[in-house]
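One chain, subunit A, links the two complexes that follow: it is found with subunit B in the first and with subunit C in the second.
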Partner chain A sequence: MDQRRTSRLIDPKVRHVGFFTPAAPPDSLPPPVSVSPSGNSLSPVMIPPPRHASDNLSSRAVGVPVPASTQRRSSTDNLPVGSYNPSESLLGTSPVLSPSSNLVNGEFSEDSANWIRRSNSGKLASSFPSGGFDLTAASEAKKVQGVSEKVGGTVVGVANDLPSSSKPLKEKTTKANRRALQESQRAAKAAAKGGAAPAHEQQVGKAVKAASHKKDGPLVTSSVAASEKKGGDRPPEKDRKKDVPLPRMQFDDKGRVEKAKRRAVVKQTEARNRVELFRHLPQYEHGTQLPDLETKFFQLDPMHPAVYKVGLQYLAGDILESNARCIAMLQAFQEAIKDYSTPPEKTLTRDLAAKINSFVSFLIECRPLSISMGNAIRFLKAHIAKLPVTLAESEAKASLCSDIDRFINEKIVVADKVIVRHAVTKIRDGDVLLTYGSSSVVEMILLHAHELGKNFRVVVVDSRPNLEGQALLRSLVGKGLSCTYTHINAVSYIMPEVTRVFLGAASVLSNGTVYSRVGTACVAMVAHAFHVPVLICCEAYKFHERVQLDSICSNELGDPDAISKVSGRVDINYLDNWANKENLQLLNLLYDATPSDYISMIITDYGMVPPTSVPVIVREYGSEHLLI
Partner chain B sequence: PFDTHQTYYTSTHNYMWWRSASFVLDKQQQQQLLQYDDVGKHESRLFSPTTPSSMAETIQNPNPNPNPNPNISAYYQTRAAHHGVVTSDWLAQAQAAVGRDRDDLPSEISSKSNDPGKPFSVIDEFNNWRKQPDLAEAVAAIRALASVIRSSEATTMMELEIELKKASDSLKSWDTTSISLTAGCDLFMRYVTRTSALEYEDFNSAKSRLIERAEKFGEISYKARKIIAMLSQDFIFDGCTILVHGFSRVVFEVLKMAAQNRKLFRVFCTEGRPDRTGLRLSNELMKLDVPVKLVIDSAVAYSMDEVDMVFVGADGVVESGGIINMMGTYQIALVANSMNKPVYVAAESYKFARLYPLDQKDMVPALHPIDFGVPIPSKVEVETSARDYTPPQYLTLLFTDLGILTPSAVSDELIQLYL
Partner chain C sequence: MDFQVVVLAGGTSKKLVPLVSKEVPKALLPVANRPVLSYVLELLEQSNLKDLIVVVEGEDAALRVGGWISGAYVDRLHVEVAAVPEGVGTADALRAIARHLTANDILVVSGDLVCDVPPGAVAAAHRRHDAVVTSMLCSTPVSGSSDSGSSGGKDKAKKSGRCNIIGLDPTKQFLLHIATAAEVEKDIRLQKSILRAVGQMEIRADLMDAHLYAFNRSALQAVLDQKETFQSLKQDVLPYLVRSQLRSELLLNGAQAEENGNEKVASQNNKVMPSQLLANASTPSFHELYALGADGSAPVPRKTHKCCAYIASKSKYCARLNSIQAFNDINRDVTGEASHLSGYSFSAQNNIIHPSAVLGSKTTVGPQCMLGEGSQMGDKCSVKRSVIGRHCRIGSNVKVVNSVVMNHVTIGDGCSIQGSVICSNVQLQERVVLKDCQVGAGYVVTACSECRGESLARKEKIQSQ
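Moving on, here comes the complex of A and B:
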């Protein structure tokens, strides 16, 4: 499937290359300076300008495990190498269903299909998405394309880049007219979209454009100016990009971050002292952006109030638990869909998908998405794309709303019930159950087991700074369970008397790794050392086909102030005003990855499975999430 | 400092053990046991002469607990009857068992039970099949269920399915401690009823399709042992020493085929207390001219040095890929694992059960009385569990009729079978 996706995506891009080739060589030799020198030394085009290269190197040393990471970062290369990126799931619908590809390609989609067959480089690239050579070829092509998109009409600029990329050039002298057709379509589209365009820029533009921008080197001055103005150029580009997982935004890449910031709705201030290993993750100074956002409320035209509200809640940390976040988001989308009306001369599937994209990018700005949310968005977008064109607007909206309801019901509410039913069979009289943090499904399990009259004790382990465990504790104690409350520091003391550990998860990855609230790995490892079984309770919609080996490459950073200050303790002020000290770095990680070795069992809506069976469920039922 | 910690925790443990779940569970069982003792006899009977009477009970009783002696699980009663537990007249029995023709398919038995006038009983049928010493309980159940379809007078698919469901439920409740019986019934229901046959227009053709599938499934299950024996031949090399535990018909089949293939190997048989099934295996192997050495159960670690591989059967294969098997398997697997010897499990796929024990106590206990040879004071507790759970990390490979699987592939198969 990935293969197919790649080919579909890469080909249109290679096509541009082909088109420009014949025209380019004569007049274009001087400008490539920016690109070709480095290109000659290593792979032709891949090497970004020197400063970025150093950036990449340093971050690479940090140990980002995906081999292609440099390339992914440095170019607009969207190959789904390691689908790391949380935003991948939201912006990338499956290619077949994608409305956007239809939108742009319109009438030339058929011949582009033929073209795929003929195009050599395209085929290569698609069949070896991660192979070094093909990767460069593909990204090369893509890069060129990205540039061309940027510059739009300024063909010269694009052509300049081409000579350096030697491989894909030979084909398609005859594609000129097709290119022209596309240009005209694009122009029409731009005219039609008008005001809507700027909003869209935010989401895709952020990563994609920033990257291609910086690579242009000398071109930048002219082309950027041009691209700023002609928003019309963007929607088509964006739509095409949407098919691919976007490269993960690497926040140690200054150029890109700058660019992204310019478009962001939420003006967040970057925290200055980030821990070296985690520089690639976004980190903001908290508490500064809320008032700013509030003032903007009436200016944000495309943002639906419900989405806005949820975004602010994420930002303020009012909704923390991952199921709650997902449900809140889906319900906000539902509201937005209810209030949505298709603008004239647009089709619902396409325009609404774009709308959802803009919502999603707003939510990402408020707080990076969780994997479960990504899966939910993927589901929603698949459904939007699947809507028959003939369907009346009201019916389409009603069907989407009921789809969302069904997703919430089947994948979360009912799934939780099934998990509870399975999990209580593992609770015996006399058990001492330990849980960490606060997971809604674990809470349901404990309460249900109590209702069944089982006689057990609960140990709630908690940790600073969120202390979510206290909410859980309150609810359990309120229902009359006998509880012990302690902090994670004492986990090795309490573990000998524990007979079962029940933990929630933000996601379970394909290699059985459990991605969850920071501290979970510690609890699981201690439990393992004491031979206490560790049971992970996680709905199957949170499963993801990604593989992750550590907690570094993909994670989320919380507010560093949260760990430097202790609320209610004014006497602990040692770190006041130290936050910006050059030699002090505060790290407030939000998630960690627990290797599957420490996990005895995963309880999902498909029953109780060992962690080695996660890929089986992803394989057998992964697509089902999108199709229910 | 580490040592002090260690002792500290141990002492904490000791202090806490009486609060632990296992203790509570044990205590409950103990109390039950005492109750039974009050009611009647506590002499340990290895042979259960009660099977016929339990059959009679079952017929009258729609949903019976046929087990007249709760100190011993029905599963182990069956095993005792089949495997010829070693007693003084063991040899005579073994001889008789060998003398019997194994391949006579008791078609006459099944036809007999189809006598008009007499109401068809699946338990009856099951017991008829079960008499064959070589037929596994689950296969007997599968055959019995197939004859349910055959003799059914239902006129719609729905009726037939309900009838089948009832029959399988009564079979399962016949012996709740047998994992393979439950799993076999479930699998049969899955395999037989999950077919396009149900969409046939004509009920009769649908029914014959079902019968066809049922018989096919019965055939597959019946042949499973042979397939496994064939698959595992590659793993037995000349000059190797194999440690086996208890008497497993599959393992015996494997060894028999290896011997027939003129492989040179020797076998260490554990004694297999309490029912000493290892003695029977050693006897059978001796007849095949395989060099055998008997080891008492506690000498496993002592002799593990010389062993090249461990071969065990399984009562049930659970979702984690671990196995539930005769008591002692776990410790053998632990010893083998610590000495880096491979542990192979031979198990038919109808033993795959949707169970997931987290630890030893997390199972339906199958009890088996132990004859210590001397009277045990009533205040002394006796652990009478007959089987233990071996977690997947101590197993190397599982030889099944689906192929040779790693423990983690079991769950893959189970998910595909059941979901």
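Moving on, here comes the complex of A and C:
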């Protein structure tokens, strides 16, 4: 426990760098201790979440009602968590718990009691965050081993020195032991998987998978299974495996990349100057993909035209927003299902699932899936799997189509309406609302509030290269709202006059991290520093049980050319032919992770909740995604 | 992929007299000793498009084309040959086969196209934008080589016949204006409304309409039904669609209209939302912006449709055989710079001499030449950049430069042929000198005659046409 304390050492004054926060509540700040040796290992791209003060921690433990004893938690905290080191907080930690979050915590603690009861009945073996933290930590440590080997070593050393009472020795094993254990687990898992998904390696350091591996539990307990516990009896192992989204491929693994390439429909030339830190993500030459895919239009026989069209649109960047991408994909699948007919001697459930899989892999080649799309695919596959074998083909197809319609309607359209209704209550006359980028929900909220006659002003913050905020601005101005438009460079100048920040999200992860358009974290942090409440508007179908601590291990890279050029300025051509220069690498990250501490509230279709309650929603309603 | 392909093979084009005749319709004109239609069919076959409708003008021509296709492409392609009366325009041809068209989108290809641009690219661009029409544009080929020596005035006339004035939006994806050759002579009239909606238009004259279109079937049929006077796709239908793109009179995409109807019946305005969400999120083209009105709040969205353009990259070869000049050029290119199209493998000397061809002593066949099966050449001949067909008998001391000699041609001793086209079964007697001439099929050129820029054909042939 105290390892963490000792290593949180940033002088509070250091946190004022960049902008001055008028009145930081000094009481909740922990005492600065010393300078961490690992401070330098921080990557500039990563926004590490500040550590919680102990009161926050306990409240979090309530929000995440896992039968996690503080003891266990503290032991996990002792572990070297690689680059995610406690000492790295940039901004003030002062976790000002908003009254609302406290309140909701109260609600949920009740809930957690229920949960514990249920878990006592023995239905659940694994759960998420704390169960497998040791593993997460271990793999994390391995991943960033090059960077933090020394640091990790010292930290472990310190941890070993600490008299940590009744803790089993599990976590104290040496690094070599842990690695050996991990290797063996991986081998066992690969064996268990059989040939099902040989091309995919387990994402190291991704907590979803890791968390599902309890050391003493069965090896292939998926987190989906955890969320399915409500359904009573567990589906057989195979079904569950199907439900699990395949772990992302690690693109620095040459063999697998080669294999995937051979199967690929879209021509994927690897970018020459790949960013070293992001080698595990796909980095392709963007220029050649679209024309190449276009020429293959008629050669892709098994691909349904609707799916193909959506893929083209992803690749060309015609559809950007995550809701829209999800809807477009689902509608394409709907078309494909309508035109589907089961080949002789095959069953619909199996053959259609295989078809959908091939569509999905095509879409992934066009652009990596968003988390929301992953959830939607999971939903669709679960439905296909659950179709009774006796059902006639036409009925099965009709039922799937109506299921898709219902998903779109309930999880996106109606959810948006509910979110709008909730969010509007947070807008008062005289407010100055700030939003970043363009989120369809936020747009609806603002327009609805305007229709209600509320008197407020909007600040649209935008950033290159997509400048999607301009579309939002156009629609807002068209409707007569008074707006201010600025770029993200000026966010700290505009922030003092802002009273609320509304942000959209691509996903909310179960540790409360908001995964969203790159720049969101920056806006949220600045808002937090100025004590402006940050409200995230996100439909619950985008929630994911994954835990992500940084924006490196899972992210998406955009076209580097997009940031090397300035639209409308032909004279700025310094970066022309940049790809030929070996010592230049352009990084166009698309997403970032905002730690939950900067978020005051998440507005979702289940109400307004603090970020700590996200896992509850994932747990309580996650299975419902699959069952509606 | 829900595409149907219509190949408009034409009939006996008047522009190509005397090369074409009753026996040899335009589609069967040899390009590097292969009918020009085979280039299109093979291009389509490469793209896995094997169900084709070939429309031919005239019953006789249809029979010939059909016979050739069934001979050459039996069990490779599934081709339906439809005959339409002679002299009808391309739009009429499509009207005639309208009932065969069932797919969502239709790819209309001209039978005289020689190119290596994959039609899939056009189709993909079409689908991506949900366009009503997508037209393939390619850069205008350099017409006539310097040593073909055709007169300046003629050349110019041909050039203006080929080039179009084409207006594109800044992203080069949408067609904003298209004017064919005839209109170019006058002032260019642009529509203010389109210009206002787009903000910026790029006008180019270096692009050629390759006559490869993807049409939305319902839209195309609506236009064909409504506008009965429309004769030609290129001159009437396409400009009309481009002109009316911001005030569409089409009941666009029957399917979409149906959808809207259904939604209203279901009285769920919820269902409209996903499409709205989609529309909001996708980067709007000017069409959508215009449809919503300037302030984004037009009471009723204006009806628009999209006309797209696919611009083939400069590295691709693309030409249409629609004039005698083009015939010469294409023959030269297919054996020369675009040799990958010909499907033959070239020898080390960069020419193709059929093994059964017989060459006399001191006869040279230069690079970029082709000598067909069973042809015989006497002594001291020289062939440069020319295509010679099958079973020709060429005497001694003959010079053939930049010319096309079709099958079964007899050339006497001492002839000199330059920049000419000599059709099948022609007989050239001794010491004939031809420069930039076209000799119709079966013609006999008497000895020692000297022609320059003439078109020689049998009288009755011309009258019969």
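Basically, the second predicted complex is superposed on the first by the 381 of 628 C-alpha atoms of A that agree within 3 Å, B and C clash if a C-alpha of one lies under 4 Å from a C-alpha of the other, contacts with A are read in each partner's own complex, and residues count from 1 in each chain.
We adopt the following convention: a contact is a pair of C-beta atoms (placed from the backbone, for glycine too) under 8 Å apart; a residue touches a chain by one contact, two chains touch by 3 or more.
All values reported here derive from a predicted model rather than from experimental measurement.
Of the two partner chains, subunit C is the only one touched by A:Ser440; subunit B is not. Contacts of A:Glu321 after superposition on the shared chain: subunit C is touched, whereas subunit B is not.
Judged by the number of subunit A residues each one touches, C leads among subunit B and subunit C.
In the superposed pair of complexes, A:Ala376 makes contact with neither subunit B nor subunit C. Using the contact criterion defined above for the overlaid structures, shared-chain residue A:Ser613 touches subunit B, although it does not reach subunit C. Contacts of A:Val461 after superposition: neither subunit B nor subunit C is touched. Of the two partner chains placed by the overlay, only subunit B lies in contact with A:Lys426; subunit C stays clear of it.
Shared contact residues on subunit A (touching subunit B in one structure, subunit C in the other): none found. If you check the complex, the residues on subunit A that touch subunit C are 291, 293-301, 303, 305, 308-309, 312-313, 316-321, 323-325, 327-328, 331, 405, 408-409, 412-414, 416, 438, 440, 443, 471, 474-475, 478-479. Note for the complex: subunit A touches subunit B at residues 426, 428-432, 496-497, 499-500, 530, 533, 535, 600-601, 606-610, 612-613, 616-617, 620. Interface residues of subunit B facing subunit A in the complex, by the touch rule stated above, are 9, 12-13, 16, 19-21, 23-25, 319-321, 354, 356, 358-359, 361-362, 392, 408, 411-412, 415-416, 418-419. Across the interface of their complex, subunit A is touched by residues 1-3, 47-49, 104, 118-121, 123-125, 127-128, 270-271, 273-274, 277-278, 280-284, 295-297, 313 of subunit C.
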